[in-house]
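As structure tokens, here come the structures.
Two complexes, one shared chain (subunit A), two partners (subunit B, subunit C).
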Partner chain A sequence: MSDTELQEKPDLQIDQDQGNFSYPEDYAFDAGTGLTDKTIDYICDAKEDPDWVREFRKKALKVFNEKPLPTHWASKDLENIHFNDFRYYLSKGAKPKRSWDEVPDDVKRTFERLGIPEKERAFLAGVEAQFDSEAAYSNIKKAVAEQGVIFVGSREGLKDHPEIFKKWFGKVIPTADNKFSALNSAVFSGGSFIYVPKGVKVKHPLQAYFRINAENFGQFERTLIIVDEGAEVTYMEGCTAPKFDSVTLHSAVVELVAMKGAKIQYITVQNWSPNVFNLVTKRGLAHEESEIKWIDCNIGSRLTMKYPGVILKGRKARGEVLSIALANNGQHQDTGAKMIHAADETTSNIISKSISIGSGRATYRGLVHIPRHLKGCKNNTECDALLINTESRTDTYPAIVTRGEGNSVQHEASVSKVSAEQIFYMQQRGLSEGQAMSLSVNGFVNDLVRQFPMEYSVELKRLIDLEMEGSVG
Partner chain B sequence: MKCALEIKGLKAGIGGTEILHGLNLTIPKGEVHAIMGKNGSGKSTLAKVMAGHPDYEVTGGDVLLDGKTILGLEPDVRAREGLFLAFQYPSEIPGVTIANFMRAALNARRPEGQEIDAVEYYNELYKKMDLLKIDRAFTSRAVNDGFSGGEKKKNEILQMAMLEPKYAVLDETDSGLDIDALKIVAHGVNSLRGPKLGILVITHYQRLLDYIVPDVVHVMVDGRIVKSGPKELALEMEKKGYDWVENLVAA
Partner chain C sequence: MGKNGPIPTGRNGSPGPAWWQARKAEAWKKFQATPMPRRQDEDWRFATIDAIQLGDFHPGSKGKTAESKLLARSSASFPHAAKAVFANDCLLHVEGGEELAKKGVVFESLGGALQKHPALLEKHLMAHPVDLGAQKFAALHAAHASAGVLIYVPKNVEIELPLVAFHWLDGSEAAVFPHTLIVAESHAKVTVVDFLGSTEVDGTGLACGVNDLLVGPGAKVDYICLQRWGSKVTSFQLNSTRVEKDGEARSLFVNLGAAYARQESRSTLVGGGARSEMLGLSVGNDRQEFDQRTLQCHDVPNTWSDLLYKNALDDRSKSIFKGLIRVAPGAAKTDAYQNNRNLLLNPEAEADSMPGLEILNDDVRCTHGATTGQIDRDQLFYLMARGIDPRTGAQLLAHGFFEEVIDRIPDKKIGEAVRTFIVEKFASMKMQRTKEEGMGPVRKSGKGSLPETEVLDVRALQGLGT
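This part shows the complex of A and B:
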């Protein structure tokens, strides 16, 4: 199957080995390849999971095995994932092995251009499994702990704070939501657990970057954030440096809970190496008068499928998804947003910008659901696509389901192209082809990026520059 | 080394059709030359071929900038070597502000890590905008996006002023300008005139040449320069019409 698939996609000129690592043959905490009940037991033992988690995982494994691939709503490329070839758990001590000399030159150059500090480079390139971010993390942790904020890994969360953790874990995204949420539920490790008590407004954004580095990057991260009444937090996921990862399948689950009047802003800027399948389920539950905002930027990967959503459960709740997806040669970004209105006077806003380059493909897939009995609900959806050169393709599937009067839905979509004339014009002013493309792309995303926190917009701009430079022959 | 923009026996075309049939023209640094010619005679083609537009093929001859050939160089390299083209039909670049665009273009001329200082840059930009009587609000507008015809042309000259080229080709910069704008643009161009700059002005009308007085006027017919002379040639052209030169060629 996979071979014919690949042959049918001659444009998929990705070196599937790029970014792969070699592992030492035997070490203490390797669950081996494949996924069975035994693998689950192995993970539970290694992590010293409580019984309820073991049970939860095993149930999830069953669901995972029973569920078909969601091929009806995305790429056939999913069929190229050989689930039995992956390692589902590597614990401490199981460090991928690769020397700095083996790190490809373009990767090293990327680090340099991004201004990544020397000591972090080796870590990001996968040469070292850890770098010393403990200090930065413990400072943040200490600062917020004074306000009663819990900011820990998911493992500590479920062990040390079961009363809060258990109440919400798997409630926003049930195991059976889709095949990949089931997979994550079976084998999750890593990710963050955050609880912000009533009325506490966390001043500085909490950054997973520091926390995750202090542990290990998870292949199956599981994040749960609960923000209590009237509290506020901004969370930044990952780092904008490309992760040159040892594994090619990533499947995270992120659940957010905003209690009455709470505000959560969740920011992701991801830059994956081109061999990665990135299949993520992200959803927030917004209670009365609360606000959940996803800012999601996806660059790189072989296939990304990600549709952050908000369930607007309480009156006057507000949900927002601002997303940018960049699909370069051979890549497919299948992204979008889901807004489930479940109370009166709820509002949602979706702004999606996608860029397709060369044989890259960007798909917007949205769902806005407003049932008949609700009143005073509003949705605004804007999807803009930018195509660079003629091979690129883009698809928009807005799927807006509104029933009932007294609700308003607004939808706008646009497709524009960077023409050869525009590139020539900019080149005539002295900009290289790559710089010209990069400027056009930045111009295209500019009005959206302006709403991002400063440091993220700067990083994003640099990433786009690099990506565009790399895309000219 | 000869300080000039030299076009020698240039043959070029598009889609297999030759448009320039062995064109010769030399613009010494410090001089202003004008080209007049009928619609479709190949003036814009000449401008774009010099700038390196990828759609055109060069089949013969050479273009030299201060003695060095520029054919075969990427358009941006030619630009950084000092060639500027004010487009007859400037492109619109949505989302990219004039301020950012010009800054990127200036930084592209500097070594990496030595970007232009923001204060210095804005001082320079405002000075040039004042010279061309362009409202400062334009800095935050996207390049040519929704600009009127005249505003686009002024913006071309603003860019020329900012980038300080060695040679500038102005392709019908006068078209679409009202008389006040024409005077302002001419004043802007004249203030850039000097020993360090060679200018080639492409126009249909004597009117522009009243304000930007050329050292030499060339007449182009069917992809060739057929007559060159002092500034009075433009007046004669206007009086006698293109038929006159075409008859000269035929004779």
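This part shows the complex of A and C:
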């Protein structure tokens, strides 16, 4: 065995390499460090926000300042976020480019290294690429645009489509939902606005890519997706950042609205560098017979707190969360799901699989709520945790409230480690211990990964292989 | 209540030693210094805090029921080796202690133990953590505790017949603080049953009890607590169980009475091979609220715990189950299981379930499950097709739901007593949902035979352990 193979702990940098680079900063707009009313004014001026948005932001800042950190249940690590040390708005210009040729060279190089233009040509219906606070590039394929599909940034959304935007903005996730949704409401910039008209089924996924380039920076994108009656869309987001010694904050708000019979599939592969606090609020509103499915995969970041939710508002609406979390040394993946049943015969399904490696900690936190006067609601929750090393940690904190008639919920969770017999068996057949471990872990998540779109499942398997390298201690 | 502070003397006339007085004064200070639980406290999530009525209840208030009447009602349906009876924390009767003393066993009221076995009491009384949220009420208990029994079983002594204690709440403004302290030395064996009840079905009052089960190496302790307080009582039952090497503890808490009943149960496994079985069984009706918090604490390698709490809820009653399995970093080969199952007999009933895990070691087998559902319509249809009216049918199925728990009590006669209590509780309830018109369309059962599964069966709760 070579020296590198003898390392006790996995080399964490391997998978981070793809995103671990940055370019010198050269911004036309910089709101400076710290967060006050002046910061808000600067952002509003730079973005030429309408007055109602300025007012909305200022109210949100007040809420943010009033709300305490949720450390009575959440990780104390939140106290290491110093909100006044961040820069809240950095951009090279508020308007995204429609063609890669117009995108500034360093930004274009960034996305080329991440393979975005290539993927766009290969299989995407539209792409938005956000660089720090604003989208550098945004384009939608002509055929899709002609169907009436709107796919723009949040700034264009609120300016060019106020009649749809205003109706739903902040309705699924109110400003005061939690401290970080309030923060986002105060300083949001970037993110996507999507509207899919009645009956339109967007064949290929729309993709957003979020990139943090600057140090001491906070990214606060705001995404609002409205899918009208009988329409369907798949949205994918990816994210990376270079590794800095200082803390970076990412706090997004994502609101989905599925009208009658609509289907939304929202896929996230989060691979932030290990200095990023990733505190995201994501929630969907599902009307009658509609379906919202969150596929959420968390591999990177220092601390992720994210519990995608669905409010099942219409009869027979369905919500689903499929979640994979991989917590490596020094990481805490605090993820889960919220299912709020608010109509008869609504169903929800939560499947969560987590893997803790080294000193990594994976937490499942969930809420299932079925109030009284509802009939025939069903929830199924399964949480499986795999612990790789002796010092690995996992927690499960579900909360289930059930009332009403003919409703049923079931929750089950298990914790296990990779079976020594399995590893031994595979080694007998000539696999190295590392390969056997990778195979075993891939087997553990396989039934979930299979539900991911092809491109993502291949990527995910590769990431897991890399993360598992050298993890056998 | 409580302006009057701690009771300076043992209830039965003994002033008590200095350490006893000092502890009471200290506990009273702690009670006053600890704030009331608030809605946003994680340990009180979903609890109706307004339902906690400390009110104008007085420790030691005089009851109105004649002593002879209370004594006549204090009879267990199964043979037992010793018995103690308390009403409003006054000792009315104790029997069997002398016979047991021949084997070195102590069965004494706290008052008696203070005089005869102060060292035992000083060493073990509330020496173990009660920390699942009700610290304030544990302090209140410590400040007032004067009734209850100390049971001490020396090394290698096995007592076959159970030891029983009765605690009565009598009158409208009484507060009681029942205490049960069981100390089983190495390879000792004992079964203890507590009966908690009010003289009146709709009685009011405050009950704040603590029971500590200290299980020595290789010892076996069975504890059953049958709670039938009056329907307006605010009740706390705080349990701390500590099991040493190869010891076995089994506790069953049956909750039938009280308006708000908070029950905390903590098992700490401190020696290899230690086992703890934690069982709970509640039947709620009207607006009763059963607030259950449990902790399975695995501190060392090779320990085992298994928890099963079942609640059947009618009318607007509510259950809260919050459980946690905590595996310490060094506690390899832990085998822990936690299961909460709720049966809603009425659309207005509510079951809140928070089954939690905190696992800091990779070599474990830990699983948990929680289910909430209704009476299975196919099963009810089957019974109705055989001429059983729906109300009786639903009751039969609810009894079936509880059998899994009752079956796990080794003393079958005690199991029979538990069954009787549940039958009596159901008889006092209106099972509205089981009226034919309330059940909605009954689906046809595909199979002609009785389904093998029980009322709410969720398979595949098994772990992936090696």
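The rule is short, and it goes like this: the second predicted complex is superposed on the first by the 356 of 473 C-alpha atoms of A that agree within 3 Å, B and C clash if a C-alpha of one lies under 4 Å from a C-alpha of the other, contacts with A are read in each partner's own complex, and residues count from 1 in each chain.
In this section, a contact is a pair of C-beta atoms (placed from the backbone, for glycine too) under 8 Å apart; a residue touches a chain by one contact, two chains touch by 3 or more.
Every value quoted in this text rests on a predicted model; they were computed, and no experiment measured them.
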item: First, second, both or neither for A:Pro398, with subunit B first and subunit C second; value: second
item: Contacts of A:Ser440 with subunit B and subunit C, given as first, second, both or neither; value: first
item: In the superposition, subunit B vs subunit C on subunit A residues touched; value: C
item: First, second, both or neither for A:Lys417, with subunit B first and subunit C second; value: second
item: Touched partner set for A:Ile388, first subunit B, second subunit C, both or neither; value: second
item: Partner chain in contact with A:Leu431 - subunit B first, subunit C second, else both or neither; value: first
item: Partner chain(s) touched by A:Arg372 [first = subunit B, second = subunit C, both, neither]; value: second
item: Overlapping contact positions on subunit A, where the subunit C interface meets the subunit B interface; value: 416, 419-421
item: Touching residues on subunit A, where the partner in the complex is subunit B; value: 416, 419-422, 424-433, 435-436, 439-440, 442-447
item: Subunit A residues within the subunit C interface of the complex; value: 72-73, 372-373, 375, 384-385, 387-417, 419-421
item: Partner subunit A, residues of subunit C touching it in the complex; value: 40-42, 45-46, 329, 332, 342, 344, 347-374, 440, 456, 458, 460-466
item: Contact footprint of subunit A on subunit B as seen in their complex; value: 51-55, 74-76, 79-80, 84-85, 87, 90-96, 100-101, 104-105, 108-109, 142, 159, 163
